[in-house]
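I've put the structures underneath this note.
In what follows, subunit A forms one complex with subunit B and a second complex with subunit C.
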Partner chain A sequence: MTAEVQPGPQPVTLTVDGRAVAVEPGTLVWDACEKAGVFVPVYCAHRKMEPVAVCRMCLVEIGTMPKLQPACATVVQEGMEVRTQTDRVRRFREGNMEFLLVNHPLDCPVCDRGGECDLQDFAQRYGPPRSRVPITGKVHFDKARALSDKITLDQERCILCWRCVRYCDEITGDRSIVLQERAVHTVIDTFEGRPLTGEFQGNLPEVCPVGALTHTAYRFRARPWDLQRTVSICPGCSYGCTLGVDSRDDEVVRFVSQDNPEVDDSWLCDRGRYSFPELNRSDRIRAAELRLEGPLRQVPALEATAAAARALALVVEQSGPGAVAVLGTPAMTNEEAFALQWLARGVIGTPHLDHQLAEWPGLDPVEFRLAVADLERCDTVLVLGERPELATPVLSLRLYKAERKRGREVRRVAADPDPAELARTVRDRQLVGVVAHEGDRDAALRVAAALAPVNREVRRLTLTEGMNGRGCKDLGLLPDLGPGYVAAPAAGMGGRAILGAAAAGRLRALVVVGPNPELEADPAFEAACQRVALLVGVTTVPGVLSRHAHALIPGRTAVEKAGTVTSSEGRVQPVRVALQPRFGTPPPELRLLVEIGRELGGRWTGEPRATPTFAAIEAALPAYRGTRGGLRAAWPQWERPA
Partner chain B sequence: MPVEELRILTRHLGQPQVTERSGYEAVGGYQSLRKALAMGPEAITAEVKASGLRGRGGAAFPTATKWGFLPKGVFPRYLCVNADESEPGCFKDRVLLEALPHQLVEGTLIAAFALQASHAFIYIRGEYRAQRELLDRCVAEAYAAGYAGRDILGSGWDCELIVHGGAGAYICGEETALLDSLEGLRGQPRLKPPFPAVRGLYGQPTVVNNVETLSNLPYILEHGGAAYAAHGTEASPGTRLFCVSGHVERPGTYEVPMGRTSFRDLLELAGGVWGGRQLKAMQPGGGSMPVLGPEHLDVPLDFKAVADAGSSLGAGALVVMDESTCLVEVSMRLVDFYHHESCGKCVPCREGTYFESQLMHRLEAGLASADELRTLADICEHMDGRCFCPLGDTATWFVMSAYRMFRDEFEAHCGAGQCPVRAQAGRAA
Partner chain C sequence: MFRELIGGLRITMRNMLSKPVTIQYPEEQRPVPPRARGRHILHRYDNGLEKCIGCELCAGACPVGCIYVLAAANDPAHPVSPGERYAARYEINLVRCIYCGYCAEACPTEAITLGPRLDLADYKRERLVATKEDLLESWPGFRPTAAAPGRPDPAPRSELAAPSPTAPVARSATDTA
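Up next, the complex of A and B:
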């Protein structure tokens, strides 16, 4: 195939405060200013939304135009002279700041946003030195209006930038926030006063440039300067949204979004964003417990791993490695999964290994050939059933963007549609995307097979369950496949079969690394736990596993350990330590698993830490080479036709 | 020689049953539409161009040029008639809607045909209820007679004529806010570009014309563009309706040739300042425009001459104020109007008109300090030219022009504890 070299559009050159800058045609002056290194204050403008030019904060001088022009809504022209630092602009900014504060309550000392508020910052930077408005002359509104159980609105602080209104219009499409009344009495409110119901409400306080829209769960909880931010990956699902973990002392106070244009496009879903209280559970497992000989006793974690290893060795010696089964969790990191795979296959020698209960045949890296961002390039996107968007909610926003901003066809069809019927209407497209949940893998395969002959290219995106369901599969935490989807030397039992065998007394020992909500919720798990002679459990969350484990080893939560996770589309992204270990924090699971393996005589080269372990993964799995910074793994299977 | 009106636009005013189709047809009504259908779109536009007709809504943009902005070959396209007359001091469209509704319907259909519009929407202000009922009846009569709807007068051209009532917002007279309101959205001005000619109603090419502008079309088609232009001057062709109100003997609407008539003539037509009092100030163009004084009485009603005098003919109004008038009080009333009507979209207008209004009330009551008067001037400076649409800009024009012209009067209010003008005239607050 010959690469067609498209000549790029001729750049437009302009000057900003005398600095020359070249930008693409169609660029907004605001963006050109940024490129020239000149900061222009804005409230209403937002990178992900269409300009409205209502706050007027960005007015600048352009060439000989008599009026000041909004940088956020003016398109660059060749030879344009933009001036942002003239006396006229400075005077206007001062005047506009005065306007913005005419009816503002000035309650910064009790405002959640104080310290990270554009109104506060720009008032300091551009505003007048003192107020000329009598405090008694202000219009008053509702200070705490619950828009839903998640969002509380302070109408007095609102500067009516329209970002939330546009967010609901352009980003989610639910149009749930509207403007009411007019003039200085204008307020934002929900449509017809109905409570907000969307699954993306948590983005509203983030698009709000001031302290008007607030997280109900965060109201009056912290001041931003007391918080420590760590950039990591959302533990909520396998979509892989980047987020900032804001913590104070030993507590996660909030999750904030971070813009990754390839994945989340700066949006989080409420399920992920508000999942942080789970990480602050006071009843999390902190102490190791042994119930092996005699009564229960609490021991240091590394004593528990040693005891567990001795007990496992005994089972293997008495009944052979096939009497042991190992269950991981799609919540574990790639490094942990790699270690667990090594422990099961390499050290214990059992083929009975899995990370989930469901069995989904036909697993192949081709199922995630389609990148999330490329949904915007597909002529037609077929979404099979509701499960993809239920599993990874932020996907819905990408689909809406593809539809609204890129004009793509997004068709939601049955979970198991008639492939021949689809092939009649979806044909002659350059690129067709087939999006399915991993539970509908076989249906997606049939659809792709039917569409491939009548379209130029068909690509699939398969959404996995759990934060790292994809990584666990990539790394061979499966009964029949080893790392890289290569057939394992011996096929063992999968998750469901393991539980059945254990409950029937055909397995003697079970090693379970949690937390695994799917297992915990399944009655077969408790039956299996009760029957096996040896249950080794590693987890942070109390439940069935912690109640029954003969050797219970505490782990770390998603914000207490480092490593990588792989999103559904195969993107390998780093998770970081947001809550620093303190006295009594158990060692990370990776170290615990390696310790057990070493006690059993296994050879693990290098330190049991995330970075060297990832290097070992790269050596074992070429697709992962060089991906650690957030790139997608490159699978050789992608090169052959779908 | 006494000044007289020149009735071109209002030539049929007062004819028997002229508000009904039969009465209008009896004076030659709808003959221009027949003529237009025979001429074809290009010839109509050429005739309008020859007439020099300029928009009567306030901006005075040449009508034929505006029509020419529609991109070629893009359909459907729409015509909107701006009947949202709401400028303080303006009531000329009301006269046309009440007395000559069929003339507007005919003019609208002529323009729609010239533009090859599939739909023409008449957006009428919410408060004009009786006028709306009349217009609805006229539109029904036009449909019944085959002037509107499918295959109009056998020409093969289809055009739907729809009357839509506003909900009482001044801003909906701004053409893009009108389009939003017509689409069922909140009436607020749109970001331009794109201009309505390119992306207007429902995203399609759209022309928005004023009632008076379109009501001129039957005459122009009947007598030719040159005949129309001959009534005025080269720079300001044709006649125009002026609404004279305030302190005059005979307030009302007067049609006069442009350019050849002065403010003095107009004042004379309206019987002069009432009770033999002296003229103190006058505001042409409607509530938005800067104030003029007695020294401007001989300025001709010509776009350029009035602009040179520092004001504008705007939407064709003249508010006359006698010697007892307090210009601070008038400014306060106008500022209150803009504060009430600000749509709330942009910061300088929303907050500025409020701030302005607060200060004007203090000033008029004699409570404001000299510092506050300076603040008022500052506010106006920060609003003028910085707002999203002209509403906020113009909310400062009258105040600032009055402040310049009657500086002593404004300053005399500072710290006076009462309105000095009213106190002198013995008027209570």
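Up next, the complex of A and C:
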């Protein structure tokens, strides 16, 4: 049923179980109940999807209406009287639970959802004490059916809430899951039985309120009471989705999404969600190795930093600081990037510093002006090529939401479109968003320049590679710019040029902080590693760097250290320690970098820990002030006319 | 005064002539009451499949958290237990356990029960963390009897050979047979 919604902010007042609440017009009774502090059980309703009212679990009594009404689909009206605790409601809930369990296999003990299942919880809270239906003679369907390599479906456990179907329809738009057959034979299946192929399958087990859709990677791995959850940031890309790291026995067993409406809107992509096995690698580097001052030997990490510093000092003394180059990684935290910048420019005194191979001269925070949540507010969004959505997959869901739920125009154009042509077709608009991968920043600049005169405002969002590619740029891990995009005292060589110079013998020492997959995959890196006289490597992942480093110093993985990372849109978010250090865990990179710097005579005030280091960043970079809890840094450059 | 003395000596005399309560433990053992809660046993079905399905409900119910279960998926060709799931690892810390029996209460398949074994001393702490192999009934043909009074334990498993013959603590469930 629908209600007359008065325009304007006039709130609607109603009572829920006698408690008065005032809500905005158009609110659903379910939300009003929550606001009144009354819990209403739901299965089919989902905060991110349209109501369908198929499960009938949320039925409540409203005023004098003769029948019970679904709270998840009824809009509030002035003076409504909602009752959720009457005998009639209780009887209906009991009946509903009994129906839901008629053909349910009741195999909670082997079900992955057991312990965190709405069907278990509500059956216990609202169900009848015993069932009148015998356990034999149930209708059986397929168990443990692989819908893809990621998702396993148990058709018997499904309660037909349609959430998965609506997810594929409303959220991803790929319509890959459908309902089949009729009546008691109704089951969930993929469209025409084809395997699922989407990039967002991992959200399905989370929207499913029961144990029907489950993660194949988490199958039988743990129970909720085994798990320790730490809220952190996804290491998969620079979009900055919030996630829960669930660990058991010092291993990450799954990543779960956490709703951050400004960024991920409670969804994760499969690349990020299923990236956790990388963090459990048994061959991760734990021991420091020295190939300096004699044959290879294993030493404690802090002995290796001291030896590396001595060797670096020797190179600087013999050939000057310009013979040293420093390469970071977009996977490092802001604090580590800040320390590395200090080490390179402040202590060693070399201008050759970068965090990736490609060079972007003259970067400007204006390129990152547009917030991802504001994509829903742009009248037109131009997406340049495929690379933005390949780099940060969850962006696709935000674009689909802008298109489908907000009615915005989302145009996917070529990676290097004709700006004049675009200016002709996109016109008289209020706000235009231009979304591009950092590799296409020149094209995005041209498009923005062409559109600016005919639009109220053009804002750009540039998507960076790596978890913290944006933070590394903000903090000056760039050959030409220092922290805050101010020109560095002396411009040095960028990533690609450093490798070339090292391979040609023009550099004597290389300090590389990893893991940096881009470097590892590049043949020029191996050539450079072989040529330089001194290679200092800090990394967790074995590869080219660990094979060649003269001083190999082990670091910590993304779930073992604390700090902050900055997403592409400039949101500074905390990463937390999910796996507590135990015997044999190396010291955090921040400490290692500071130790090398101190050994070389540099001055680092305060302790080399994340919190005091962030305070130092705030002092050096006013845009970062007070952003640590997940706020976007606001840049003075934004106010400048484009 | 004499009367008290005689009374006391009578008690002494009576006890001197009665059968002693002391038994020659461990060669001799007292009968264990049928419902005593001793060391756990993991049971099997008649066809040899393990009853335990690795559901971890025992671990969840255990008030001291001394049970560790790591489940895995059954290979349909060679199942360990009926159904999809089995316990790949199953460990109980017998020193931490308070023998409350909640685990047996929680188990949906009656896979775990507390058996009659009460002599759990050992020379090595690590050996008091019982593994699945230690707890599982052997098969085929094994049936646990109730208490086995008055009989010494059979020889301990060779790899766990007890350091002295006076401490014959074998840790396989077979030793209750």
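Rule of thumb we're sticking to: the second predicted complex is superposed on the first by the 633 of 642 C-alpha atoms of A that agree within 3 Å, B and C clash if a C-alpha of one lies under 4 Å from a C-alpha of the other, contacts with A are read in each partner's own complex, and residues count from 1 in each chain.
Everything that follows uses one rule, which is that contacts are C-beta pairs under 8 Å (C-beta built on N, C-alpha and C of every residue); 3 or more make two chains touch, one makes a residue touch a chain.
Just so we're clear, the structure is a prediction, and the values are computed from it rather than from any experiment.
Chemist: Mind checking subunit B and subunit C on superposed subunit A, clash or fit?
Modeler: Fit - subunit B and subunit C, as placed by superposing on subunit A, sit side by side.
Chemist: Using the superposition described at the top, determine whether subunit B or subunit C touches more residues of subunit A.
Modeler: Comparing touch counts on subunit A for subunit B and subunit C gives B.
Chemist: Who does A:Val184 touch here: subunit B (first), subunit C (second), both, or neither?
Modeler: first
Chemist: Determine, under the contact definition given at the top, whether A:Gly115 touches first (subunit B), second (subunit C), both, or neither.
Modeler: A:Gly115 contacts subunit C only, not subunit B.
Chemist: After the superposition on A, what does A:Lys143 contact: first (subunit B), second (subunit C), both or neither?
Modeler: A:Lys143 contacts subunit C only, not subunit B.
Chemist: Contact-wise, after the overlay, does A:Arg219 reach subunit B, subunit C, both or neither (first, second, both, neither)?
Modeler: Touch status of A:Arg219: second partner only.
Chemist: After the superposition on chain A, what angle is formed at the C-alpha centre of subunit A by the C-alpha centres of subunit B and subunit C, rounded to the nearest 10 degrees?
Modeler: 90
Chemist: Look at A:Val572 in the shared chain and tell me whether it touches subunit B only, subunit C only, both, or neither; answer first, second, both or neither.
Modeler: It touches nothing on subunit B or subunit C.
Chemist: Which partner does A:Ala623 reach: the first (subunit B), the second (subunit C), both, or neither?
Modeler: neither
Chemist: Go through the superposed model and pick first if A:Phe99 touches only subunit B, second if only subunit C, both, or neither.
Modeler: first
Chemist: Compute the least Cα distance separating subunit B from subunit C in the superposition and give it as a whole number of Å.
Modeler: 26
Chemist: Using the superposition on A, tell me which residues of subunit A are in contact with subunit B and, in the other complex, with subunit C.
Modeler: No residue of subunit A touches both subunit B and subunit C.
Chemist: Quick check: in the complex, which residue numbers of subunit A touch subunit C?
Modeler: Spelled out, the residues of subunit A in touch with subunit C are 107-110, 114-115, 143-144, 219-221, 223, 225-226.
Chemist: Contact residues on subunit C for subunit A in the complex?
Modeler: The touching residues are 53-57, 59-60, 71-73, 83-85, 108-109.
Chemist: Using the touch rule from the top, collect the residues of subunit A that touch subunit B in their complex.
Modeler: 51-57, 59, 66-68, 73, 91-92, 95-96, 98-100, 102-103, 132-133, 137, 139, 159-160, 178-179, 181-186
Chemist: Hey, which residues of subunit B end up touching subunit A in the complex?
Modeler: For this pair, the touching residues of subunit B are 169, 186, 191, 339-348, 350-355, 358, 372, 375, 378-379, 381-382, 385-388.
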